[in-house]
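Letters A, B, C and D mark the chains as written, and numbering starts fresh at 1 in each.
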């Protein structure tokens, strides 16, 4: 951390800052510049920078080191490639995760999976727990749903991706799912993240609606600190003043994350835009910008979907999209 | 819900919309205007408006009824006043909730409470569970902390306000706390809200960093739907592009909420600004704008605080603020 | 406009609204629904909806017709294709506009154009007037700069794109430039837009940093109302809470605009991200999402650029990007 | 400027940064810390920090000195108090600026001024040029309007505040107005600001809808650099995701500006909220937070206003507000 003093800061003020830093276990390196004195704080453990900011004569505090380490590309320059059976995420192959918003029935999953298989999908998604804004809406099938998606996935040789909502659900998810997803609202549920760090299954972390990229990577760090290094970041839109789309899908987060971190990044254009006719353009954009994969809502018959049908693709739309991506992916060194 | 058709929508398109609405259990009222046809959907239960938006010829969907009812001032015109022992929230008296960010020790709570009592504080706050960004930071005393705050509160005749983080903690909080607080990150933890609706203690709901006012009131509705009508809304800053303050405290939310809802609204200028020297001006502003109370971080010695000392007031600063508020409150029909 | 009354609105309140509307020259169509009364206002000229919102018993005002007409796809379903000599914008061919931020000298423009020609560029850009944040920075060559870019463009058979800042500059730009650009800060300079509507040269309108898509299209309408129908919209990033990029390039604005309007939309990834290494990924993303073209900063030697060198591509980077776009463009029915 | 190198930056990379800085006329001060090397750039004139950010091995660039100097409280610790005849702005007395959105007629200004005088108003406002979103709306009376407001102001011993839109209008405004206002959309019209710096009348600068506080103060610097030190900042709301209010009035900008700058800051709650019933609460909040004044829309009969009637106060509402402010102002060392 660097503490920049005001141009007219007095010796006493400078000393007071140095003393404070040292009282917290840091070394203080004072460097008097032509215009301003800068004090470096090195070696301590933890300090609230605002405590320093409030000392007289302090102009600005600058955090030098990023708050994450394990997730940082400086720490590990090579891309992380996560392997589960015959699927790799973060490598040359695009990770295409598809399926309905919610698991509704065995028949629905079966019909959807059968369609998806034709387009080569190896990762199927579906929600089992759906706490909804309205208490009258369908809330998901729970464990029953997980059993269904597991059975269908096994039938078609697919892997299961599903969202875990609470710590108490982790054991259940470890039994049925191959990849555990953390939703945007739980991105800073640190207790949940910590527990997932003790598991040995890959974790997808969706970006919070108002999360800065640095905070999002920090959430990955939380999981990694527990020992689980298989974390996948998922961009799904941020909240801005624009109301024409449900959220603003931040495509530029892809190259930004690629520079800061070695972790795979995928994109969810279904939630990012909220409307089916925006999903294909944004999927193509995400891949063209270098994303490692996509997570898409597809339903064998969206008009009958109990949840988010409006943002779900028809199977033939998904097939068309895959055709487009087969052309775009090689431009960024990927294949599908 | 109103469906506005495009000016050149065909008869067939209009009929298709009407059929779709009716298939979902609504009545369709078609009204052909000079320029556009508008279809009203009445009586059904639940429908995803985006499904209609995707039908050809549809220009716009307009939700007429607000999503909340119990929390709405239309439903209940008179202000809700919550009474707990000798304290009222939402009435003439300003609710002043003060205390440290975190419960650190009996001594800390005792010293702080003793100072606060001199300024007439009847509601003491303090966190027992503190999941933090860094796993190396102090994580709170847990139940031990709740015991301490309860003991100190009883000694000084105060009521206890503390944040509950998970469903599993509810019974413990019911034992020790008088008012349960839901943090900003949990504002849309619908399972937690639902459970709190079955308790009989008042609940404070903090506004999420990117929550629209309507969503925030909807969270109150969730609690109220369970039977617990004693909900207090708490504005604590939203995330905007401005970085000079940690968040942008949305003071205008006060008159907006007052118009939309009968529930009390209080303000947290400590988290809303993140810096001690902004707390007093924003506290005065909140009261002048008509807030029903404040929740403030005060520590008997902020420099020693384990958490958020930089945004905690010194007891004498709190006393000064109360003096100011005594003058401002009567302007808006309040007292302190 | 539709006025939705509160569920418990009285007859007198409904009548008062109807009277007010009629006093402003509108017809009032009252339609009593099962739950709420809705009043349609038809035929009048102009009314401030907030005046109605303030009348007792009014719940919500809903604007039905979009504020623009000439720019609307409802009004003109076919894409607008703008033709200038052998260049088309909005048709099958991607419009690639490239050149330095600022015109610095004949030599600089000559060297840059000579490089760009190798990549097939037909539209060269360069700024002549550069009001800068700091009064000590280079402020542009003015008319001298326009002469240079015209001369160089003619030598290489290119068209000139340059930003006009003030009404008084319009005649000068009409003499030297082929396409006039309106900067983001001038997006709502209605006087300037109105004057440009009386010219016969195409106008590029950059989206303001905090402009909603509807407001941006409305600015196009302003130009079109004057008679000039050749307007090109240019997405260049909006301001959000994220600070990792200078702005957040709103790629989803492309499909949104395509649905709402028939006008061509291009993207400026140089200003949208502010850093050279993000320009190529975001350019690919923009084309993959369906943009009609790109406007890019390219300098024959960015390290020597007097302005925005950090976001300017090297000529070989531009050439590489074109190679990538040649593969991506056909996916969206375009070519380059 | 400080350049922070990556932890594993090589000697060659460090040297390359130092060389680059020196090539731009700065001195490079290399300071090798325990973890990272930090290079200070001192003494040069102007450099685009992104050029350095792109050099290999560079982690982060940190701007130390604020971009403004004349407007900075570090430069001038005492509050600026602007005196015009018997009025002071920035001192003990609250500056109350009131009047209609637009000057409509002599009669309208006369009736409004006569009402305002009863409440002690000494500064009357009114717009003469009103470029509007719709070309069919009233566009203002122009110079005729300025003559009217001048005449009415002289009759009642008031000073005139009005918005200048273009450089060419400055001489006209100097003839009729006492304080020249720069609108939010012109906050970064640097040419206009520069010209206003050469005048000798106070200038009010409204904050842009997406302007950071630092950029806003920088706009003040632009005027001050020309010699005119009488600048007043005016907060009028920023654009956020919240749509319940037209804009989000950033009350916390008041204490922030007070710390960073010695210039007076006033608040415009009429535009900041857009609705009359929010104006009084936000006015009280602004004064309670320490604002130096308010600029308010008041019309002798808002229902007849040609512009923004919905956010204009009735004269009796203004009078009531003044009564409230008389109580609140002394709390922050002000009077009215």
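Things to note:
Please note the rule applied: a contact is a pair of C-beta atoms (placed from the backbone, for glycine too) under 8 Å apart; a residue touches a chain by one contact, two chains touch by 3 or more.
Small disclaimer: the values here were computed from a predicted structure and weren't measured.
Chain centres here are C-alpha means, and the one lying farthest from subunit D is A. A count of contacting C-beta pairs for B-C and for B-D identifies B-D as the more extensively joined pair. Note on chain placement: the centre of subunit C and the centre of subunit D lie 27 Å apart, centres being C-alpha means.
Each chain gets a centre from the mean of its Cα atoms; for subunit B and subunit C, those two points are 39 Å apart. Computed from the mean C-alpha positions, the centre of subunit B lies at a distance of 31 Å from the centre of subunit D. Among the residues of subunit B, those in touch with two or more other chains are 210, 239-241, 243, 277. Here subunit D touches subunit A in the complex through residues 2, 4, 6-8, 27, 29, 31, 33-36, 38, 40, 42-43, 59-60, 62, 64-65, 74, 239-241, 243, going by the rule given at the top. Interface residues of subunit C facing subunit A in the complex, by the touch rule stated above, are 210, 212-214, 238, 240-245, 248-256, 259, 272-273, 277-278, 281-282, 284-290, 324, 327-328, 330-332.
Chain contact summary for the complex, subunit B toward subunit A: residues 45-46, 48, 50-51, 53-54, 67, 131-137, 165-168, 185, 188-191, 194, 208-210, 218, 222, 225, 239, 274-277, 303, 307-311.
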